[in-house]
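So, here's a batch of structures to check.
Both of the next two complexes hold subunit A, though its partner changes from subunit B to subunit C.
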Partner chain A sequence: MELLIDQFFVAIQGSNLLVLFLSTVAGILIGAIPGLTVNMAVALSIPLTIHMSLAQALCMIFAIYVSGIYGGSVSAILVNAPGTPAAAATTLDGYPMTQQGKAGKALKMALFASFIGGIMSIIILVLVAQNLAAFALKFGPAERTTLMVFALTIVGVLSGRSMIKGLLSGAIGLLFATVGADPMLAVPRFTFGMLELEEGFGFIPVLIGLFAVSEMLVQAEDRMQTSIKASYKESSDREEDSRLTRKDILLSWKTIIRSGFLGAFIGCLPGIGATVACFFGYGEAKRASKNPDLFGKGTVEGVAAAESANNAVAGATLIPLLALSIPGDALTAILYGALLIQGVQTGPLIFQYQLDAVYLIYITLTLANIFMVATAASFMSFFKRIAEVPRRILFPIIFVFCVVGSFAMRNSVIDIYIMMGMGVMGYILRKFQIPLAPLLIGYILANPFEEALRQALVGSEGSLKVFVVKPIAAGFLILTVLAIVFMIRRTLSARGEETQGGENREGEESEL
Partner chain B sequence: MMDSKKIIRFALAALLVFGLMGPALAAEFPTKTIKVYVGFSPGGGTDIIARTVASVAPEFLGQAMVIINKTGAAGTIAAREVSQAKPDGYTLLVAGGSETVSVGHYRELPYHPINAFSPVIRISRDRMILNFNANAPWKTLKEFIQDAKRNPGKYKYASSGHGGIYHSAMLAFCDRAGIKMKHVPYKGGAPGMAALMGGHVDIAIASPSEARALVEGGKIRSVTLTSLERTPLQPDVPTLKELGYDLYLENQKGFVAPAGTPKERIMFLHEAFKKAYEHKAFVKLCTRLKIERGYLGPEDFRKSLMGMYNQIGSVLKK
Partner chain C sequence: MFRSINFRVGIFFLAFSLCVALFVVPTIGEEWRQAPTADMEYFTLGPRFFPYISIGIIGFLSVILILQSWWQHRSRSTPPRSAFTRDALKTVLTSMGIGVAYIVLIPVLGVILVTPLCLAAYFWYFGLRRWVWIIVVPIVLTAFIYICFGKFMMVPLPMGLLER
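Showing the complex of A and B:
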């Protein structure tokens, strides 16, 4: 305890707080710009940490990380361009809210949910890091495979009005994911001899193209004279719409907590990541919600679900890193290097030999979350104005960022073409009212699913029994079956209502 | 009139010739920033080596170094880029690992992994250490090999990806030991270690510094390594050579230039990097980052790369 308090005072020195503040601002801005990712920002800040103290270095890294993930939601909500992959699910309800003039409410809910999700994951990290790490190791190929199968049922949940269109969209996502080297034998598929395509279409160009570029194309159809906010008839300037009311919080608190746990759970499994987590959180929130039909049309619950989950990943990815020295994603791999520079060796013994460093990590991560809230709250009025900038000025700027961001991922021009191609495809799909979210989920899950499936089958020599014999794997399969049955029943009952003459169809908005 | 035109022409021609010859005559090198390509993401092991050198070397180069991360296809995209770059010493690649000694044996590459480059200096050598799960039933490697001989194809090993250096090292190990194992590729070394700790595979390779934290924490046991001598980080782990298996593979990292780069420029770069390599600040950073320094000059680095490339090639031909 004494050590914890000591470390607290080490952490809150003036210079550290200054670093925290500056890094938070930088993190939010980098996160908000589509294509400039948190990973890149953290990696480039590592050389700066060489000459810093451990506390300072941690403040810098965590502040960029935590606020960067929040920052991604700002552009997701305001202009339908997720600033980071982790904010992809935030667009589903965030952007419709902006179109309804509720940008302020969405931004505040995103911040609130991010903060709660972040703090929850820290509590989980502090309390059960070692147990959870041991549990995460049980997730072998068979367990991962069935987890992915279960995750794929979210496609159905997000399909909206037409299940067929949703499944079609998911299938297109799976199809695109087959481009690249196969995960077992590295045989190139659909690469046409181009080395650049061996890793498949990069996630960032696909994401930016599908969401941001297709949005610009749709908007370009009218003449872009007005701002996003003014261009929608329902646009409202009611005071209530830019605030987070008690009603909103009452509506969303369960969702936030659930997403926080889901995010932390997925975060502690190495190699799955925040993007899957936020869709998981979103899908489960919709399944559990009393009014699932509002999802995708601009409900605070949807924003809360996605944002709580993706920020909960932040703390949880530290669990395998600290307890087992296993960096679960690119970001924790960078953090591992940064900790080594500071002389901190992660692994099972860190809790015995370098407890001071562990405490410092807890404290700085908490401080980073607090600074994120404080800084973002003071930026709020500035953010809201972005939606008021005329689109003919705003969109060209965003487009430049989209191009630069796609290129910057790996300094490759082909990624710009992929982004543009995806933009055109997203535009066409929208015209046919095919939802884009299932495509993205199919795209994200395909490769980890194939990898895990084939790893499991190597181990079992082709026998599918592994998926039933192992209890965790079997559990996910049962959940999958239940989810499908649940979905079929709902579809049938909805159809029943319709044939009975219930003409309660709401406005024909195309869902994302 | 004619004369003055001629004079102008001559003057222009002279200007052109001298203009072109100027740099060559003065033999000034380098006069601009040196680009270093890294085939892996910022923050990874290869990138850290590039950036650590770049934090010290400009002092001796007289020019800045810029690191370009061109990731993808196991580092081969960056390698191809550099192999096609102008051989003037201004474009370098951090090479020596999978993309140089291993991948080329599994599929055709648009460049020769060794001959397309002119080595400058080897900076580091990351050894490869083989590990069991801490609860594995075998006390020694010998016991395991006997068991595996009785049960061909029963046991599994993790690698960092098909065709990577860990995959090749395990294939070479199985070849020397006369056993058959199943290969389970993961995306990178860390997920493979997680699979080992979770008991999903029986053997996984790590670098000594990664392994040590987990050995001390009682999660895994290191059994042998593919180097010629033991590692100071785990001095009680015997090498394969000591155990009677002839195999020498290490994950080396160093700088290479495109083939055809003038010798004096290679030597200039070598001298500058060597001074950086010996610099106090660099040594200190390496100690902290647990990078094992391993200097080799241009010729020795080439021989070492060639040796490892051929070893892997001979195993795969079988």
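Showing the complex of A and C:
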């Protein structure tokens, strides 16, 4: 306890708080600008931490990490372009809320849910970290395979109006991810002799192209004559549209808590991360909601679910990193490097030999969440102005940022071409009512999925029984089947209604 | 049925999956089989396995989509609407054209020279006519991007002509 208090006083020194504040501002702004990702920001901040103390370094890294994930929701809500992959699910309800003139409410709910999710995740990190990590460690290739099948199915069936198109989109994502070197034998696939493609399509160009460029092309259809400002002002006469009401919180608190737990659980499973967590949280919230039909049309519950889940990953993702030295995703891998620079050796022994560092991590992560709320609340009016900029000004600027941001990740011009190609493809898919989110999730999960599937099948000498005889794997398969059966039943029961609407609705705005 | 969007999407992806399965996946090298470990007798899966799985799923779902559109055709009488209108397609293609010209010219002329031109072209096309938008804002934004990415984040932006 004494050590914890000592570390608390170390963390709240003036210089550390200044670093926290500046990094929080930078994190939100970077997260909010499409093309500037949290991964990139954290990676670029690491050279700056070399000459810092451990406390300052942790303040900087965690502030950028936590506030960057929240910042991603700002552009997701205001311009339908998630600043970070983790905010992809936030667009589903956040952007429709902006179109309805409720951008202020959506941003505040995102902030509130992010904070609660973040704090829940820290509590879980502190209290049940090792037990949860031990459970996740029981997952072998078969369990990981069925878990990812379940994740892809859930995302596919929940993302659009058509389950088949959602699943089709996920399968396209899986196929795109096979471009590049085979993850197990390093044999090039679909590279056609181009060395630049051996690493596969960069994740950032794919993300930016699918979500930002395709959105710009959709918006270009009317030459951007209707501005966001117009749609925002027209319907925001009511004061309650720009603030969180007690009713909103009462409606969403269960969702926030549930998504927080889900996000924390997924966060501690290696290789899945905040993007899948936000879709899991969103899907589960939709399933449990009394008004599932409102999801995707601009409900505050949808924003709360996605944001609580993605921020709850932040603390939980440190569980396997700290306790087992396993980075769960790209961001934790970057964090792992940053901790090594500071002389912190993660793994089981950290709890015996570097407990001060562990406490400092807990405290700075908590402070980062508190600073995120304080700073974001102060900048809220500034963020809302982004939505007031006419689309014909905003989207060309975003496009330029997308191009430069895609280039910046690997300093490769081919990434710009990939981004543009993905943007055009995303636009065409949207016009054909094929949702883009499953494609992105399929793309993210493809490599770990392929590795797990091949390991499981090689281990069982090609027998599919391996997915049935193991209880956890079988459990995920049963959940997958139940999800599909549930959606088919719902589709059939709503068929009469759909027949009336029919294909008249096929030209409507497609869901992400 | 043939005018239905679902039918067209299904046919497209079925044809796509067949083409990829028959002509593209077989181009993936099989050199790995010559590795010493591959001669040993145990079950293994090569680099073509997962692409075939993905394509199989795409093909299967395409068939379901085609059958679904046939089923919907039987139960509906309303004619389908086209996904694209002529005017929308024209503006989208123009926007795309400006974007493609921008990214093609970046390696040649460099980000600093092309970015203000791209922004000015977009602003002009989208109806902004004031000189502030056509000249000042593009230059200021380009300077911001250069400072932010080129100087602060140390990204080696393509300089094109200015590099020489």
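By our rule, the second predicted complex is superposed on the first by the 478 of 512 C-alpha atoms of A that agree within 3 Å, B and C clash if a C-alpha of one lies under 4 Å from a C-alpha of the other, contacts with A are read in each partner's own complex, and residues count from 1 in each chain.
We adopt the following convention: contacts are C-beta pairs under 8 Å (C-beta built on N, C-alpha and C of every residue); 3 or more make two chains touch, one makes a residue touch a chain.
It should be emphasised that the depicted structure is a prediction, and the values quoted were computed from it without experimental measurement.
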Side-by-side fit of subunit B and subunit C on subunit A, or clash: fit
Partner chain(s) touched by A:Gly140 [first = subunit B, second = subunit C, both, neither]: first
Which of subunit B and subunit C A:Val458 touches, first, second, both or neither: both
Subunit C versus subunit B, contacts on subunit A by residue: C
Touching partner for A:Phe190 - first (subunit B), second (subunit C), both, neither: second
Which superposed partner A:Leu217 touches (first subunit B, second subunit C, both, neither): second
First (subunit B), second (subunit C), both or neither touched by A:Gly343: first
Smallest separation in angstrom, by C-alpha atoms, between subunit B and subunit C in the superposition: 6
Common ground on subunit A, meaning residues reached by subunit C in one complex and by subunit B in the other: 40, 44, 184-185, 411, 458
Residues of subunit B defined as touching subunit A within the complex: 41-44, 47-48, 51, 55, 68-74, 76-77, 80, 106-107, 110, 156, 161-163, 182-187, 190-191, 193-195, 197-200, 210, 213-214, 216-219, 285, 288-290
In the complex with subunit B, residue positions of subunit A that touch it: 39-40, 42-44, 46-47, 50, 136-141, 181, 183-186, 195-196, 198-199, 270-271, 320, 324-328, 330, 333-334, 337, 340-343, 345-349, 410-412, 451, 455, 458-459
Subunit C residues within the subunit A interface of the complex: 4-6, 8-9, 13, 20, 24, 27-29, 31-32, 42-47, 49-51, 53-55, 57-58, 61-62, 64-65, 68, 72, 75-76, 78-84, 88, 91-92, 94-96, 99-100, 102-103, 106-107, 111, 115, 118-119, 122-123, 125-128, 133, 137, 141, 145, 149, 153-158
Partner subunit C, residues of subunit A touching it in the complex: 40, 44, 162, 164-165, 167-168, 171-172, 174-175, 178, 182, 184-185, 187-190, 192, 213, 216-217, 220-225, 392-393, 395-397, 399-401, 403-404, 407-408, 411, 413, 416-417, 420, 423-424, 427, 431-434, 446, 450, 453-454, 457-458, 461-462, 499, 502-504, 506-507
